[in-house]
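Beneath this line is the structure, given in structure tokens, with notes to follow.
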Amino acid sequence: MAQKVLIKGNEAIGEAAIMAGCRHFFGYPITPQNEVAEYISKRMPQVGGCFLQAESELAAINMVYGAAGAGARVMTSSSSPGISLMQEGISYIAASELPCLIVNVMRGGPGLGGIQPSQADYFQATKGGGHGDYRLVVLAPSTIQEMIDLIVEGFDIADQYRNPVMILADGMLGQMMEPVVLEPKKRIERQLPAKDWATTGCDGSRPRNVINSLFMIPEQLEQRNLVLIDKYKRIEQNEVQYQSIDIEGADAVLVAYGTMARIARTVAKKAKELGISVGILRPITLWPFPYDAVAAIGDIPNVKAVFSIEMSAGQMVEDVKLGISGKKPVYFYGRTGGMIPSPNEVLDYICDVLEVR
Amino acid sequence: MAQKVLIKGNEAIGEAAIMAGCRHFFGYPITPQNEVAEYISKRMPQVGGCFLQAESELAAINMVYGAAGAGARVMTSSSSPGISLMQEGISYIAASELPCLIVNVMRGGPGLGGIQPSQADYFQATKGGGHGDYRLVVLAPSTIQEMIDLIVEGFDIADQYRNPVMILADGMLGQMMEPVVLEPKKRIERQLPAKDWATTGCDGSRPRNVINSLFMIPEQLEQRNLVLIDKYKRIEQNEVQYQSIDIEGADAVLVAYGTMARIARTVAKKAKELGISVGILRPITLWPFPYDAVAAIGDIPNVKAVFSIEMSAGQMVEDVKLGISGKKPVYFYGRTGGMIPSPNEVLDYICDVLEVR
Amino acid sequence: MAQKVLIKGNEAIGEAAIMAGCRHFFGYPITPQNEVAEYISKRMPQVGGCFLQAESELAAINMVYGAAGAGARVMTSSSSPGISLMQEGISYIAASELPCLIVNVMRGGPGLGGIQPSQADYFQATKGGGHGDYRLVVLAPSTIQEMIDLIVEGFDIADQYRNPVMILADGMLGQMMEPVVLEPKKRIERQLPAKDWATTGCDGSRPRNVINSLFMIPEQLEQRNLVLIDKYKRIEQNEVQYQSIDIEGADAVLVAYGTMARIARTVAKKAKELGISVGILRPITLWPFPYDAVAAIGDIPNVKAVFSIEMSAGQMVEDVKLGISGKKPVYFYGRTGGMIPSPNEVLDYICDVLEVR
Amino acid sequence: MAQKVLIKGNEAIGEAAIMAGCRHFFGYPITPQNEVAEYISKRMPQVGGCFLQAESELAAINMVYGAAGAGARVMTSSSSPGISLMQEGISYIAASELPCLIVNVMRGGPGLGGIQPSQADYFQATKGGGHGDYRLVVLAPSTIQEMIDLIVEGFDIADQYRNPVMILADGMLGQMMEPVVLEPKKRIERQLPAKDWATTGCDGSRPRNVINSLFMIPEQLEQRNLVLIDKYKRIEQNEVQYQSIDIEGADAVLVAYGTMARIARTVAKKAKELGISVGILRPITLWPFPYDAVAAIGDIPNVKAVFSIEMSAGQMVEDVKLGISGKKPVYFYGRTGGMIPSPNEVLDYICDVLEVR
């Protein structure tokens, strides 16, 4: 069995990408994800890959667009403001049905904000910060090991569905160190389709491949959208991932992802000491969101309240409410600007709502 | 009383901005909103204002940032892909609490898409396509006259709350002509605060004003966010606008905005002929969304179904569901890629759902 | 008679431009010319003009291109690296025969270099740093008063010939203060042609004006070049300016411009004390270069040597040699990188060459 | 012995670069040099190299800067306007003493100009279109075979002196086909210094390498300039190349490079038929210019006139005059804008000057 090594989150992102066969990386520096690019800049030459620091985030995402169109496993990484600069490009990539991996190590916003961890780009990632009807598959690891697993799986999902995949991490996960096994713990076997659509150069032996998102005739543009809509439906049916902890019999359920899911576990433990039974639903895919799993909570009799806890002013809580659909009261607790809620303040809020103590 | 004139939507946008005292416009060409800039380029010199075609959408939104920071009434206009390019800038403007007007004449997407009308940027506009917890006030006119009114009011709202306001129009509204009175029909008197925060130059007679969104200390960044959150709450309480038509006693309620609300009225008329009573809820502010008005529909006994009809793959429908909160079934009907649903196809869908005919 | 005021060189540049009727300025910050933009940013609003800090030097020069095409008196200002970034745009403006004023407050190079004064952009200014056969009129003031005069005259020359004019100053002239009269000392009356070629908007009452530098048919492109060549010949005949000091009877002649011409006067004074008669030829127009005046030195019997003294590694010296055409020995003395030759070291060099002492 | 193949000039540029060990190419499309990039885009993957189409010429030259700093053999290629956009970057590379190859396939200018061949960027290439005192080694092939040789040698010269080298070709040379041997005919053995200054990553086993052109202390910046000046002197002493044909005994000497040197040979042949003896001096290095060889012409008794013939409005003629230094009359004949002088019109001009016929 593989040896455990101690590694920083941002470096694990880089190593996992290499592991997944990614050989092209384009990016532009921004804290707190700089170690991703730094690590990859060292590793790529060793494996014959291409690392390039572009002149801006716009240049980077459009290089990703180009490399993805040529069939390469390609990745970029940035943090909140940088990801905003990529919104046009991301929409183009999704519209052109191209696979790639985009990492967002979220920091506090809006604006320049700060460099401390945050989860305030949830809407941008899951609802589409760019224009038009498109979706990213959004994966939210809560440990370094899971980060490695999801990056490897993310590349596979991207290739399977020809769709950009986003890893939504935060500054805490990027900067912390954990012991990991440097290989994906589980790797679901996927039948990846051949990239026969890629623009790999044409010598006349096959019709010319064209990567395009421009359709001036609305009937044709609608047709492209119908293809996308159908694909998104398949993803919603097949790719939802979440972790469910002690939900049956719980008095209250916390919905949390990423770093906040780590806090949630401590909250649950402390709550138990107070005699309160707290379950946790941890979405691993933020899109597709585990609406059904959340909806099921609505049918558990003794659950008195559902809490969306976030490092934001309240974003995922909308999806939680959509899932619960009025069957249980939904509460929100969050902190912003790089502040991470402590287990105690979350517990206090739960106690207040449940009128315990 | 003022004379009626026949005017194109995009030109009305320009004239209304001048009327509202806007004297700075920065933009970059994109169909189907080019007449906005073209019209303003002629009018600005006549009123001593500044029209500038920037070198890109990024340049344009950052010029808006600068002019807004200096206290000017300033505006930009673009269409879907161009608005995506502005997401970083918009987040900066919102974070810096600056007033400005951003017009999005939506076209079919995603990607380059096409130049026909669409409503597929709803999520981007209302949930925040940029990073961080921020909100735009989003106004959705459905006639040219209302466009004029909302632009004038939009500048006032922006100034009152020190927040960017977006006019969410579409290619249909931009290109169509209607007879209008070239003055706001109603102009709510607002007590606009003095712009004593503006960077108008400092001769030492007052402390230096600084426009900023960078806060390296998380406690300070959270503080800025708390100010924003509090402001957004006040906007949600005071600024919701919607139009309600024949909802009491309706069998079904259509929720629709902009061009789709025009279709909805024809649908309702045709439905009446079939003996079906169809009410309409037309959100005028998309954010803040009229959740309470939607929620109230949930309590009307004979309403059998609520329909969100959109020129998208289904975006506003999430807000409708959040408002209804499980009390009525919510359905969605939409077309994408520049296709506009016809009244008949919408009616057919309603009849299918209601099992009429 | 007008009052004398004490003013910094960079500010005098700004005030002179306003005085000359310049109402549009586009630029991007760079030391040591920032006071130019800073001063103009304050003055433009007072006179109803437009000051705009562009997003880059490229953006700035292309805004100059646009404003010049529309017939405005327009100006930009930068320092060495920034001027390099403008080379494509300058070639376009010259090719399109548009008048404008470009100020280069030279600093030490090459590369990022330093912020101290230099004259190392002489070749770039006079031979054409951009592509193709074009010429700038290059004016080199050596006092603040002359800077004011030449800026006012520069705008006139630009308009008369429809050609970009460059003011070639250096960090010393930009930063120093001198008492000046804030009006041009002499203003040559020029018959400025109407700007009937300007793209001021077309209502059908005249044929559409087009500003263009693209000619795909080589015969047409040659035609444009012949027009330029003819114009440059007229400028060479009519616009040469220089100052000649004590050349008749001199043992040696110094050719020097700008800051170096100030040093030259001290050198000449000190030389006189040593019994050496040193004349000075100070080119005021660097292009057209006063070749005839230099050639005439070749015919003065007792002149033993001609010296080109520069804050560069030797650039103008080529033009001096072209003028002298072998009739006298031509020597060069210079310092680089922001170092200014002292009068003593120049004198030492002269004495060495003349074998005096 | 190697086989002859028929190849287009632009493709020969690409193949020669690969042959020279160049493994990094960054560029941006512009006619008439697009086949350079197209060819290299196919070949680089075959040899494990990196081809990247940058987002602009600015991006391209700065990527060249980066790769050169890391010690790679790197190249870019463009045509006149694109080369203007690179002037800042070129000055930075020269200031940082980095080796690289820059190809300019000149087209008619100024401005957008046209896509036909030209030699009007001579000044830009040889005098320095960027700011500051720096020099490029400028090589001017006049056959495809020589292009191959000079590209291979150019990379060596660049490495030997740590200086950017420019290949100054024109659209004619880029587009024509000639039979060539795909290896350098002669390859001068050069002792290339180790690139121990390159930023190849630092593990602590040696002091950190820094690539820099910023020196805020003028004494230090002057020091860098003295190093450059000394290097340029060595290049002038050791690297001048030219071809001399039938100069001894000539009535007239044509100085011409590149495509014009091909015309010159036909002119000489036709002149001979008229009984006029015409010699040719063909500079192969435009910088360092063969001043001594030109000067020597001044001492040949029977030479009545020297002609600089160019596809420009007269640029190299200044260097010819500097070389001749008044000893013979120097004439200029040229065409611009993509027009190539015919042998007959050149001959006519020569006859007019010599008052033959």
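Order of writing sets the chain letters: A, B, C and D. Residues in each chain are counted from 1.
Following the convention adopted for this analysis, contacts are C-beta pairs under 8 Å (C-beta built on N, C-alpha and C of every residue); 3 or more make two chains touch, one makes a residue touch a chain.
Chain labels with UniProt names: A, B, C, D = Pyruvate flavodoxin/ferredoxin oxidoreductase domain protein.
None of the values given here were measured: they were computed from a predicted structure.
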{"item": "Farthest-lying chain, centroid of Cα atoms versus that of subunit C", "value": "A"}
{"item": "Distance from the mean Cα position of subunit B to that of subunit A, given in whole angstrom", "value": "29"}
{"item": "Distance from the mean Cα position of subunit C to that of subunit B, given in whole angstrom", "value": "51"}
{"item": "Centre-to-centre distance between subunit D and subunit B (centres being mean Cα positions), rounded to whole Å", "value": "57"}
{"item": "For subunit A, residues contacting two or more additional chains", "value": "58"}
{"item": "Chain contact graph, described as a line, ring, star, complete graph or other shape", "value": "ring"}
{"item": "Subunit B residues touching subunit C - in the complex, by the definition given at the top", "value": "42, 48, 50, 52-55, 58-59, 62-63, 66, 201"}
{"item": "Partner subunit D, residues of subunit C touching it in the complex", "value": "58, 80-81, 83-85, 87-88, 91-92, 94-96, 106, 108-116, 118, 120-121, 123-124, 127-134, 212-226, 228-229, 312-315, 318, 321-322, 325-327, 335-339"}
